[in-house]
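First the structure, which I've put down as structure tokens, then a few questions once you've had a look.
Should a chain be cited, it is by its letter among A, B, C and D, assigned in written order, with residues numbered from 1 in that chain.
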Amino acid sequence: MATHSYLSPTGVEIAFVLVGLVVLGSGLLVVTLKNLVHAALWLIVCMGGIGIEYLLLGAEMVAWIQVLIYGGAVIVLFLFGLMLTKAPIGRTEELDVAHRWPAVLVGLGAAGTLVTVTVQAYQHTWFEPRDALALGSSEGLGTALFHYWVLPFEALSVLLLAALVGAIALSRARREDDGPDELPGEAQA
Amino acid sequence: MSSLSWWLEVALRIVVIFAAFLVVPLVVGQMEHKAMAHMQGRLGPMEAGGFHGWAQLIADGVKFAQKESVVPDAADRTVFQIAPAVALIPYLLALLVIPIGPGTQVGVALDLGLFFALAVMGLAVIGPLMAGWSSGNKYSLLGGLRSAAQLMAYELPMLLSAASVAMAAGTLSLPGILDAWHWYWLPWQLIGGFVFFTAGLAELQRPPFDMPVADSELIFGAFTEYTGLRFALFLLAEYAGIVVLCLLTSVLYLGGWHGPFAEQHLGWVWTLVKTFLLAFVVIWLRVSYPRLRADQLQKFAWTVLIPLSLAQLAITGVVRVL
Amino acid sequence: MHALYPLILGALLFSLGLYGVLARRSAIAVLMALELLLNAVTLNLVAYGSILRDRYGTGQVFTLFIITVAAAETGLGLAIVLLLYRQRATADLGVQRELAEPVESFGADELAATDDYGVLR
Amino acid sequence: MNTLAFASLLLPAFGSAVTFAGGRDLRHVKFWSTAPIALALVGTILVAISHGTGGTSTETYTIGTAGEFHIEIGTRVSGLAALTAVLVAAVALCVQSYSTSYLGGEPRYASYAALISLFTAAMLTVVYAADLIVLLIGWEVMGACSYFLIGHYWEREIARAASIKAFLMTVAGDVPFLFGLIALGVQAGSFQVHDVIASADGNALSHPGWIAALLLCGVLGKSAQFPLHSWLPDAMAGPTPISALIHAATMVAAGIYLVALLYPVFVLAPDVLVVMAVIAAITMLGAALCALAQTDVKRILAYSTVSQLAYMLGGLAVNGRSQAVYLLIVHGFFKALLFLAAGVVIHRVGSNELSRMGGLRFRMPVAYTTMTIGLLALAGVPPLSGFFGKEAVLGAAYNATGEFAVPGRIVLVAGLITAGVTAAYALRLWLGMFHGPFPDAPHEHEERIEAPQTELIPLVLLAIPAALLGVVALFGNGFSQVVGGASGESGSLLGAFAVDLWPGGMTTLLSLLFVLGGAGLVYLFWRRDPKADPAVPLLGSLRGLLLDGFRFDALIGLAVVRPVRAAAKLVAFLDENVVDAYVRGSGVGARGLGTVLRRLQTGSVQFYLTCLFLGVLVMAAVYAYVGTVS
């Protein structure tokens, strides 16, 4: 469409880019910070930013689910896990592998490849986020979910059940002869 | 509606809600002081300001403001300092979407209001976690750990019982739910209301679910190292949490602004009345019930509340289909 | 909106997550990087759902699914990490080397002379 | 009749199996080793009688196919086969019954008896076989049995060496023999003996010369002809009854039998016949001279066997098929007799050495009598059977014409000289064993040390045909009618003219002169000193050479063994230092590679993942690039 141009970005686009920068920045901090808890907290920012990006893309329901699940459950799980594994206050030395250059290489290579391919494929494509709004509402998404995706939905419920059982089994996997197996934190207290 | 007046209105709403956010929790706090004092026969809080010790809360506020805000050496400064804000702000955001009266008497009439409220309330629990970890104190850490375990356990029944209401109303919008409300929802959603309110109490770590801050065991749990205004902010967050929980409960299960009469004009009064009644119950419970142990807490969540909320969902579904 | 904004954001986020998975030694940090990867994918899904005007809501529905799976994965992953921590008193992936040859056949001196990857210095 | 032949063939095999299975119970072994062979003898005699003079009869059924050929099991009874079978069965029976006492007390008697039965069955298979492949099976089973039997006393180094030598030398002949058989079957279009002979008669073979030469190699090995003869004297390391069996009826006879059987093929190849004649001449004279020099009784008899077999081969080389077969049968009886009688003597004396014997004629009258008959036959003294057999061959050589003239001359000259030498060593053996003083016993006439009945009865039984079979020759061409004339049963090639076994006047005169000469020389030297060996002055300085069999084994060692050893060393060197170098090199290389790759196998999952993603990245980049270019 001729009306689109790089030179005159719309408000939504500007917002998207700004939030995107926040997301990328916090994401970078998540994978580079020496302080694990800080990284986890930055992950909240990153997830929240992605939630806002969803909103900007017209996926309202997904956005709030993102906040609910990631902010309320996943991050709490992470913090919980960090505390149980005695994440120290301050920098954790040796948090990263000593030779990071292969990982950096892979990361940069992946970025280069993906961006190149994406740019080549979609440099002339525009879309209207508002088109997705009807779908992004609770009603639209619910309709799509239960009209077209009931079976995957049910399969997913089975998966969740399996994960639940698995998590319980894992955390109960202690035999009598294993001896005292207290959490380090409790042992201290 | 012109653009200007729209912006004005938004600004007005935010100011009103912010004011309410600052005032109502204080009222609840004052209420707690007084109610507890009366119930427990405590004489101290009866002195300040003369009649019934009405200025006790102000005295507390002045005391908090005067105190030095200490950050321990072993603490993670940034996180330690941000934690109170993280604990407080989500409740402010949640207030935005809760209607207190019919029509436009709501901060933002969000299509996904219920979802939004629950999502940001879920975020609020990160505050105590941050505080517990960043204090560099093992009691704080244990408090934080207990918080996390407790929060994860009670998130599920809360969401499930809220889902029951949404299912009954056929919408996630809070005004929409109230629009669909009928008096017979009271018995219909009774179990859900009980579960929601109880789980909410546990999320707020109010007694009898206050094991994370159990003062006799952990001094004050995650908040042990906090002093001065930051501690006051945590207290404020707790009372704001009570307000939001009671508001949500009244909106979801007690009909919100619906009342026997004068619904259209004085709906907000009904809402407030119900909210404060519930807040009183919260305070009452604190005074009346002993603290639960960790295992009792978990057991209660998984073996009582979750089955109950599932039963409520089933009842809702059956009635809806009928 | 130009299609490139969300897509490139997704690509860069994916690369960040990839780097994190490869470079972090703490198992929990790796799990966090994994969340970045998943989010990059879901962002792409939502974006493609809009770009391709999918009327079945595939992009968003699958984003929901992936978020659910991610939650389950985090729960299980953390359970595993905790188990690991209980048994080894560390969540450091760098010392979990059961896939390598036993130390006896390699020689303790040589093992001591290896870096994080186990590569001989 | 064919069924009866088949039964006769199977009976010893069955007896062998039962003997093997039955353990060491002596009575069981004795019964099952003799009774089936006795029945087989009856069967073969009945077959021979019912066959009479009429042609051949074949009865087969197919048991499998090899390519376009059918392998058929069954029997083919001809006059030749019927008579040879009787010989085999009779000798085998004598050997088995003789063995019951000769070896009856030995711990390995059971396996020994079973192997003899199997040996007999294998020989009967060769005789009765209607199919060349079946014949080959019997042929090779005999080789295996001979290996085991010669090595019966495997505790002794010499027995082990002899058994291996016998096996290797016969197999060395069997390799070309196998090729010859295959070529024969391919060219004839069938492995049926019947078809093969028919196609040879019809001159339908494209390369009869090559086939005959290849087959001859196998015959040389089996029948111990030069240059594959040296295993036979060494085979004396086995028990004496085995020698009787091998020398008289089975192993060595198989070679002659095969040539007689496939005679039409050989007739098509005159060059091979000349070679055959030369080999026969060399072998008969050389072996006889060796026999004259030997001091070991059994080795004397062994060399005499080689020499006599050369007579037969010579007879075959000069178109004297009937004569050769006649000699084969006659020789079978008297040679078996000689071995068994010598075994009796050796057993009593406790030594093989001629010098340890002497003056036994009164102590062992039965052995003396039968051995005298056997030796007279061997020497060719009329009217014993050996005389007629030898005269028949010499007569054939004398009468040979046309393409057989050259071999005829060779065989005739060699045969006449050999007759003299044969008489000489026969007399020497006789005198040495039974006359003169017994070395250790001062009262030589006093006690009889005769063998038990079970050993003597076979001697007597064998002495009868050895003495009287010459009668057959008096019936003119009767015998040759039975065995099928000059060139085989169908007799179409050269015409089934009647062959007269009646001794010719000229050859008889000449050979008797040579016999008298040879015997007289020996007698003269013996008279001079009965205690001494007459061969010592007779042969002079040649004796040492002859005692060693012309040092033929040394020659073989020089010509074959050392090059082979050297080659083996070379191969071993190549294997250890060249082939193994690659193997070791691959091991070292793999180890080195492993050491290098080990550094990648760190156990760090993240490192693996990094490598994985690097790979994926490279692929994606390449794919993207290709996509961009195209």
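Keep this in mind: contacts are C-beta pairs under 8 Å (C-beta built on N, C-alpha and C of every residue); 3 or more make two chains touch, one makes a residue touch a chain.
What you are looking at is a predicted structure, and each value in this text was computed from that prediction instead of being measured.
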Selected pair, greater C-beta contact count between A-C and C-D = A-C
Report, in whole Å, the distance between the mean C-alpha point of chain B and the mean C-alpha point of chain D.
-> 115
Between chain C and chain D, what is the separation of their C-alpha centroids in Å?
-> 84
Taking each chain's centre as its mean C-alpha position, how far apart are chain A and chain C in Å?
-> 11
State, to the nearest whole Å, the distance from the C-alpha centre of chain B to the C-alpha centre of chain C.
-> 35
Would you please write down the residue numbers of chain D that are in contact with two or more other chains?
-> 604, 606-607, 610, 613
Could you tell me which residues belong to chain C and also touch two or more other chains?
-> 18, 22-25, 94, 116-117, 119
Touching pairs of chains in this structure are A-B, A-C, A-D, C-D
Write out the stretch or stretches of chain C touching chain A in their complex.
-> 1-9, 11-20, 22-26, 28-29, 31-33, 35-36, 39, 42-43, 46-47, 49-51, 53, 55-57, 60-61, 63-65, 67-76, 78-83, 85-86, 89, 91-92, 94, 115-117, 119
Mind pulling up the chain A residues that touch chain C in the complex?
-> 4, 6, 9-10, 12-13, 16-17, 20, 23-24, 27-28, 30-31, 36, 39-40, 43, 46-47, 50, 53-54, 57-59, 61-62, 65-66, 69-70, 73-74, 77-78, 80-82, 84-85, 87, 92, 94-100, 102-104, 106-108, 110-111, 114-115, 118-119, 122-123, 125-129, 131-132, 135-136, 140-141, 143-145, 148-149, 152-153, 156, 159-160, 163-164, 166-167, 170-171, 173, 181, 183-184
Residues of chain C that touch chain D when the two form their complex | 18, 21-25, 30, 93-94, 96-101, 106, 114, 116-120
Can you name the residues of chain A that touch chain D in the complex?
-> 97, 102-103, 105-106, 109-110, 113, 116-117, 120
Would you pull the chain D residues touching chain A in the complex into a rising list?
-> 604, 606-607, 610, 613-614, 617, 620-621, 624, 628
